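All chains are identified by letter, namely A, B and C, in their written order; residue positions are counted from 1 within each chain.
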Amino acid sequence: MTVADWATAVLLPLGALFALIGTFGLVRFPTLLGRLHAATKPDTVGLVLLLLGAAFQLPDVGSAVPLALVGLFQFLTVPVLAQTIGRVAYSRGESDRAHLVTDELRQALRESRDDGE
Amino acid sequence: MNVLEHVYTATFAMLGAGVLFTLVRLVRGPSVLDRIICLNALSVLVVSSIAVEVAVRGDTAYIGLMVTIALLGFVGTLTAARFAERRAHDRG
Amino acid sequence: MTAADESGAVRPVEAPADERSWLQRLLGRLPTVVWLTVMWVILWGDPSPGTILAGLLVASLGYSAARLPHLPVRLGFHPIAVLRLASRIGYDLFASSVRVAFHVLWRPERTRGAIVAVPMRTDSDFLLALVSGGLSLVTGSLVIELNRDQGVIYVHGIPVASPEAVEGLRRQVRRTEELIVRAFGNAEDIAEFERAEREYATTTRKETS
């Protein structure tokens, strides 16, 4: 076992653990927005750790560059997806108000409606 | 190398369990947005599994596949979410 | 909201007259073409002259066929601040993933969230996009809505169980904004940010006294 092998042996299960916890949260969280948090973000951390672990098994640094590209792509797309689904969930009234401590967007919407009338 | 083989097996097992959890939520729903989130999570899990396969083989032949699946997952999820929004507008 | 009033609200956008020379227009588009070519070469996995030439050709053709709008973005770039921002976001991503993991395993049905309104101190479109992207990337915060007219973003946070945690979420949003403005804002953006920050400080002092 070389140092690179040890790095892979640590990083791969750690990344898979993050992915596993994220999907477990997808099953366990009671609210849609909670599930959205659990499904998108720990998956990203997990994928980055897995990519890093895989990079240590490649023969040279140059062939690891495309893996970095996959990670970068994931970093760029996750915020777009999370924001779009979050906005759609809110506008469909699926924000599960019973599980919110405060909802200042609702207050702001109500105030702007009162001003309009 | 024996340790690494066990590591690969364990990693694949964990990712497989993740796929199972995602399928549970995919079937249970209840919202269409839940199912959209699940489909995206599945595509990320597939890309993760291919990353492990890259480590097993030690070459980058599958990189194109990873990029393609990630791209399709992103575009598909975004389109589905937009569609869900439009349907909500039509109904209200 | 119906489709009719949505379409009624749309104002015709007049394209600004482009008085720049063709050379300037070409130079403005060069970074995108170079970036696309670099991606092409990376995916091809072989930086030979033929690949680079083919990449340049495909990038220019694709770019002209897509007719993407040219956005004049004037960015600053402060290496130390960028490093601080990257380490902060990396730390937030990791720490909050662990925190959410804890809540997944321990009583997820009791986990509460909150949606807070945070007034933004910068007015640059590009910086606001970066702020909301950075916040949505981190586990436990998610931008639901961005009110462009008033410059307010609405962030959903999890897990948030108490009024103190709500204030903590607000502080985290404001800190991320400050780091991003200081990392990528140009001199004008930073000056505007500091002006807004001073105004905010004086109004809160008046309110408390």
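To be clear about the criterion, a residue touches a chain if its C-beta (ideal position, glycine included) is under 8 Å from a C-beta of that chain, and two chains touch if they have at least 3 such contacts.
Labels paired with UniProt names: A = Multisubunit sodium/proton antiporter, MrpG subunit; B = Multisubunit sodium/proton antiporter, MrpF subunit; C = Multisubunit sodium/proton antiporter, MrpE subunit (TC 2.A.63.1).
Everything quoted here is computed from the prediction, not taken from an experiment.
Q: Taking contacts as defined above, which has more of them, A-C or A-B?
A: A-B
Q: Let me spell it out: compute each chain's centre from its C-alpha atoms, then which one is farthest from chain C's centre?
A: B
Q: Where the centres are mean C-alpha positions, what is the separation of chain B from chain C, in Å?
A: Centres of chain B and chain C (C-alpha means) sit 25 Å apart.
Q: Please report how many Å separate the Cα centroid of chain A from that of chain C, as a whole number.
A: Averaging C-alpha atoms per chain gives centres 16 Å apart.
Q: If you average the CA atoms of chain A and of chain B, how many Å lie between those two points?
A: Averaging C-alpha atoms per chain gives centres 12 Å apart.
Q: Multi-chain contacts only, two chains or more: what residues does chain B have there?
A: 60, 63, 67 - these are the residues of chain B that touch more than one other chain.
Q: Do you know which chain A residues sit against two or more other chains?
A: Within chain A, residues 24, 36, 44, 63, 66, 69, 80, 87 contact more than one other chain.
Q: Please list all residues of chain C that touch 2 or more other chains.
A: Where chain C meets two or more other chains at a single residue, that happens at 43, 45.
Q: State the interface residues of chain B toward chain A in the complex, per the touch definition above.
A: So the residues of chain B in touch with chain A come to 1, 3-4, 7-8, 10-11, 14-15, 17-19, 21-22, 24-25, 31, 33-34, 36-38, 40-41, 44-45, 47-48, 51-52, 54-56, 58-60, 63, 66-67, 70-71, 74, 77-78, 81-82, 84-85, 88.
Q: Applying the document's contact rule, which stretches of chain C touch chain B when the two form their complex?
A: Its residues touching chain B are 1, 3, 43, 45.
Q: Can you list the chain A residues touching chain C in their complex?
A: Result: residues 18, 21, 24-25, 28-31, 33-34, 36-38, 41-42, 44-45, 63, 65-66, 69, 75, 78-80, 82-83, 86-87, 90, 95, 99-108 of chain A touch chain C.
Q: Can you list the residues on chain A that touch chain B in the complex?
A: Residues in contact with chain B: 1, 5, 8-9, 12-13, 15-17, 19-20, 22-24, 26-27, 32, 35-36, 39-40, 43-44, 46-47, 50-51, 53-54, 56-59, 63-64, 66-67, 69-70, 73-74, 77, 80-81, 84-85, 87-89, 91-92, 94.
Q: Looking at the complex, which residues from chain C come into contact with chain A?
A: Touch list, chain C to chain A: 39, 42-43, 45, 93-94, 96-97, 100-101, 103-105, 108-109, 111-117, 132-140, 142-145, 147, 152, 154, 156, 158, 160-163, 165-166.
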